[in-house]
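Each of the next two complexes has chain A plus one more chain, namely chain B in the first and chain C in the second.
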Partner chain A sequence: MLRIVHYINQFFAGLGGEEKADLKPDVRSGPVGPGRLLQSLLQGKGEVVATLICGDTYFAEQPEESCRRLADLLFTLKADLILAGPAFASGRYGFACGEVARMALQELKIPAVAAIHHENPGAQAATAGAYIVPCGSSAASMKEALPSLLALGIKLAGGSAVSPDVDGYLPRGIRKNVTAELPAAVRAVNMLLAKIAGHPFTSEIPLPQFDRVPPAPPIPHSREATIALVTESGLVPAGNPDRIESSRASHFARYSIDGLQAFTPGKFESVHGGYSTDLANADPNRLVPLDVARRLEKAGRIARLYDYYFTTVGNGTSVQKAQAFAREIASEMRRSGVQAAILTAT
Partner chain B sequence: MAKELEREGIPTALLCNIVPIALTVGANRVVPTRGIQYPTGDPSLPREQEEAWRERLLLTALEALETPVDGPTVFPPDSSRLE
Partner chain C sequence: MLTVHEHLVKNVHLGAENSLRDGLLTIAPEEIRALATHPLIRSVELHIVRPGESIRIIRVLDAIQPRAKGGDGAVFPGFLGPARVAGAGDTHILSGCALLTVSPLPRAQEALIDMAGPGANLSPLARENLLILEFTPVEGAPWGEYEAALRLAALRVAAHLGGIARSAPPGRRLRVPPASSAIGLPRVGYIYNIQAQGSFKDTFVYGRSARDILPTLITAGELLDGAVVSGNYGHPSLKNSTYAHLTNPVVKELLSRDGDDLAFAGIILKPEPVTLEGKELVAEYAAKLASQLNWQGAIVTKEGGGNADTDLFLAAEKCERRGVRTVLLMAELAGPDGRTPPLLGSQPEADSLVSVGNYEEPVSLPSVERVIGGDSLRLADGPVAGPLTIPTAPIFGALSPVGIGSLRARAQ
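So, the complex of A and B:
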């Protein structure tokens, strides 16, 4: 009987939301939350013997310590297979699932798979060291995500050969030697003929898809620069006048800080739905450092702070949206003579 | 967003906690912070020390903005030369 250990976060364990996101790694016997569905899909082929649970913030803030504790917990469980998630588009959860799968496979040599949305940075971070099956962006796709997570896991645990093409996981960048039927010259010419004829063909050397941005040139000195404050932490004036969504934000806003020496609790608040905002609301300068930036401006270390700060919520917000926000923000910056930005992220 | 601002020619210091993600995604000027819920704070400190920490972060960010980089680079706030 295949012994499966399942990794989930505090939310899917039913322990709580953001207020419980700092929970330390813990273990429960048997399936919990989505693990119950996994168990029913197994139909006697295995058993979810235990569930590992960790708070998303706890994990993201100390990934190495978390992995160590989880590895200790795994030690006595004699798992044949580790499954993590699905994490969907959740940033911290995706990071945790990817890291847990990587740790299990690389350090404990136990087959492991995580299900993460392909755009989730956690998936990209882990692909080289772990098996990641892509899934939808929200828990609405749970029923589709679990079977593919399980199918690859069972295959790996059984020692079968797997490949990204057949099994659907994100390519890990590993090159395997195979014997081709035709010599390279013939394959290359065939490919070229197909290309000329407008027929489909597949390159044998996929180009890397890193979206690297050439760094912007530095400013000569901040003593001579106008600098703008930007945030994805969801800091808005109390009452959220522009109704920025707490997740999947559809827009950003800019608010005047002209004459403001600091953000006052009660007058500004965070509407971000992806972390516990109590500490930030007690002192919003913890999200956007207006108080100290003003002091540096007075001291001449910054020539001028731009009169507005830009804000949105980076919680399940698509890459495409975030790019569009930033392009619009950049064009206002250029129009207004802003030379550099300080962007705070939660 | 940090990448896109840089693409548009605005040097951008990204203050965030999950540094491996910032580097994987390709942010060019990264300043590591102490917690997800408070990028420019540290609630474990008394107020005065917290503000000193915030100042250190900001000075590191300014240093990052003044430094030429050729790819994703981390500017640790604890070891930077501060004025």
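So, the complex of A and C:
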């Protein structure tokens, strides 16, 4: 009998909404909430032996500690399979489900699957190696989500070979060598004939999705230009007032540099989680060259610096998110008559 | 027109007289040793190895499928006979067996074949009955001259073995026309990149290094007669050994489908220069030839790693811009855990890729009873016969750019 442990948040456990989102990891015996539906779908093939519950905010604020506590709880449950969610489009819940599925698989070596809407940032756990089946964006799709969550889980627990093409989970960014059914030359000629005939075909190797942005034409007269400073280095006022995440940033911020001649150590700091920030914090101008830009401004080499600088953390931030930040930043620049920007990356 | 007579060898052994009867190839060792005599070669040891035997072969330099002309002329023109255009007349080929050269050689990358177990599924040579020539140089032999000597010796032996088939019962006949007569079918050609980048990373066409050639047309018959010979000892799994040139699966596939669902419109042999300017030129020149010949599409293969990918991408770019559609055979560099993006770069026109496997995926090879080729490995500590965990890369032919291997990578 397959021993399944199900992970859900405080809301789906029926414990409350935002006011209970700081609940610590806990365990209940048997199925709770959507787990009851899972149990009925199992039809004797297994049993939901326990339900792990954690508040979304608690998990999001201390993911490592949460995972550690959940791992401790799992240790005694002797699970054959962990299922998480469905989290639908809920951001923090999706993040938790993705992390739990990743942790269980990679650290505890227990087969694990989470159901998360594909646009939910939590679905990024797939590229970190977790098995994520996509689902709808709201709980209205619960009845469709649970069978696919369970189907992949049962397959993994049974040790069957799986692939995103056949089993419908999100690509995990993992390539494995297999013996090809047909020789490479045969596949190549088939692909070429399809291409010549204009028939559909699929490249066997995913093409890198490098977004090629044609550079804007050079500004004709820098002496007349307003220049903005932009960075992904995580440089923020001390205390990180907008709580930009140290990795996988969910937002950017802009801060005034009006009247500032340079960034002062101690008043500005980096919250970037992807590099050692010691040298940057010793002189934040190393991240965003405000000091030099002011000198250029004084010397008349540029007309003026824009009154705000834009900042976020690029560490692990999805391209999708970064593109959204860029659209907002660029449109503010356009509205404000900024002609050029200096973007510093780390 | 070339007529190929293919003789299937099912077993090989050493004996008093050369013969091929009912698939049993008997080889007289003294004649082989005589052919391999050279002042720079101190000794040559012969080994017979069969598929499924618990044997690991290391320091593999090259593999050759034996063959000989039926009448006048020589196989491996430019080496064994005058450099005259080949690809006509009769050629006897021994399939099911191969000649292997084994020797220490500086700058040669570690190359390994396991004849049994999981490694045997990865090397196409593990499927063949092998005659191994294990060479030892005389002390102080200049490596370049020694390598040329053993390469020539191996070609001589390969032709000698092929000659045994002349008096054997007729084999399977295959007619290889110099050009397609198919009409009304898509005109598909092959752009065949070969690595010729200096000593020990060289490829010879009619006995001459292909380093400075412009892309040129060659027929399937010329390839089958050994007009292209490998002197490349880098990247054991990513190089085109002489065996790969002689048995090229892309050429075979295009030949076999000619007149069926395509017209085999030719082969463009193209070097991989070491400078970007050179790479641009040969890519553009090959694309020019392809469009000059009204090709609608081309299969493009490479040889080697890293810079050779540039040659693939450039060929795709230049061809597609001239309206010649392309499909590329590509080994992936997806990292040991398969998590690294599998391509080094990208080119919008290079959008149709066939995978021949991930170069870096580790494989675990169990211990073997016997090792041929040496008593130590550079790529792993411990006993050479012991269990090994190594990347796929050193396994001879495992990720062959022309597709003699059997791997591909898949998303998991």
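Just so it is clear, the second predicted complex is superposed on the first by the 201 of 346 C-alpha atoms of A that agree within 3 Å, B and C clash if a C-alpha of one lies under 4 Å from a C-alpha of the other, contacts with A are read in each partner's own complex, and residues count from 1 in each chain.
Following the convention adopted for this analysis, a contact is a pair of C-beta atoms (placed from the backbone, for glycine too) under 8 Å apart; a residue touches a chain by one contact, two chains touch by 3 or more.
Owing to the predicted nature of the structure, the values given are computational and were not obtained by experimental measurement.
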- Query: Touching A:Asp165 in the superposition: chain B (first), chain C (second), both, neither?
  - Reply: second
- Which holds for A:Val32: it touches chain B only (first), chain C only (second), both, or neither? neither
- Of the partners chain B and chain C, which touch A:Cys97 in the superposed model: first, second, both, neither? neither
- Query: Which partner, chain B or chain C, touches the larger number of chain A residues?
  - Reply: B
- Message: Quick one: is A:Asn285 in contact with chain B, with chain C, with both, or with neither? Answer first, second, both or neither.
- Response: first
- Determine where on chain A the residues touched by chain B overlap those touched by chain C, and list them. 210, 212
- Note on the structure: Seen from chain C, its contact residues with chain A in the complex are 121, 186, 188, 249-250, 252-254, 257, 261-262, 296-299, 325-327, 329-330, 332, 334, 337-339, 341-343, 345-346, 348, 350-358, 361, 392, 402-403, 405-412
- Sites on chain B touched by chain A in the complex: 1-18, 20-22, 24-26, 28-29, 33, 35-41, 43, 51, 54-55, 57-59, 61-62, 65-71, 83
- Query: For chain A, which residues are in contact with chain C within the complex?
  - Reply: 129, 162-165, 171-180, 183-189, 191-193, 195-197, 201, 203-208, 210, 212
- Task: Going by the contact rule at the top, pick out the chain A residues touching chain B in the complex.
- Result: 57, 60-61, 63, 91-92, 95, 121-122, 124-125, 210-222, 225, 227, 230-233, 275-277, 279-280, 282-283, 285-289, 291-293, 295-296, 301-302, 312, 314, 322-323, 325-327, 329-331, 333-334, 338-346
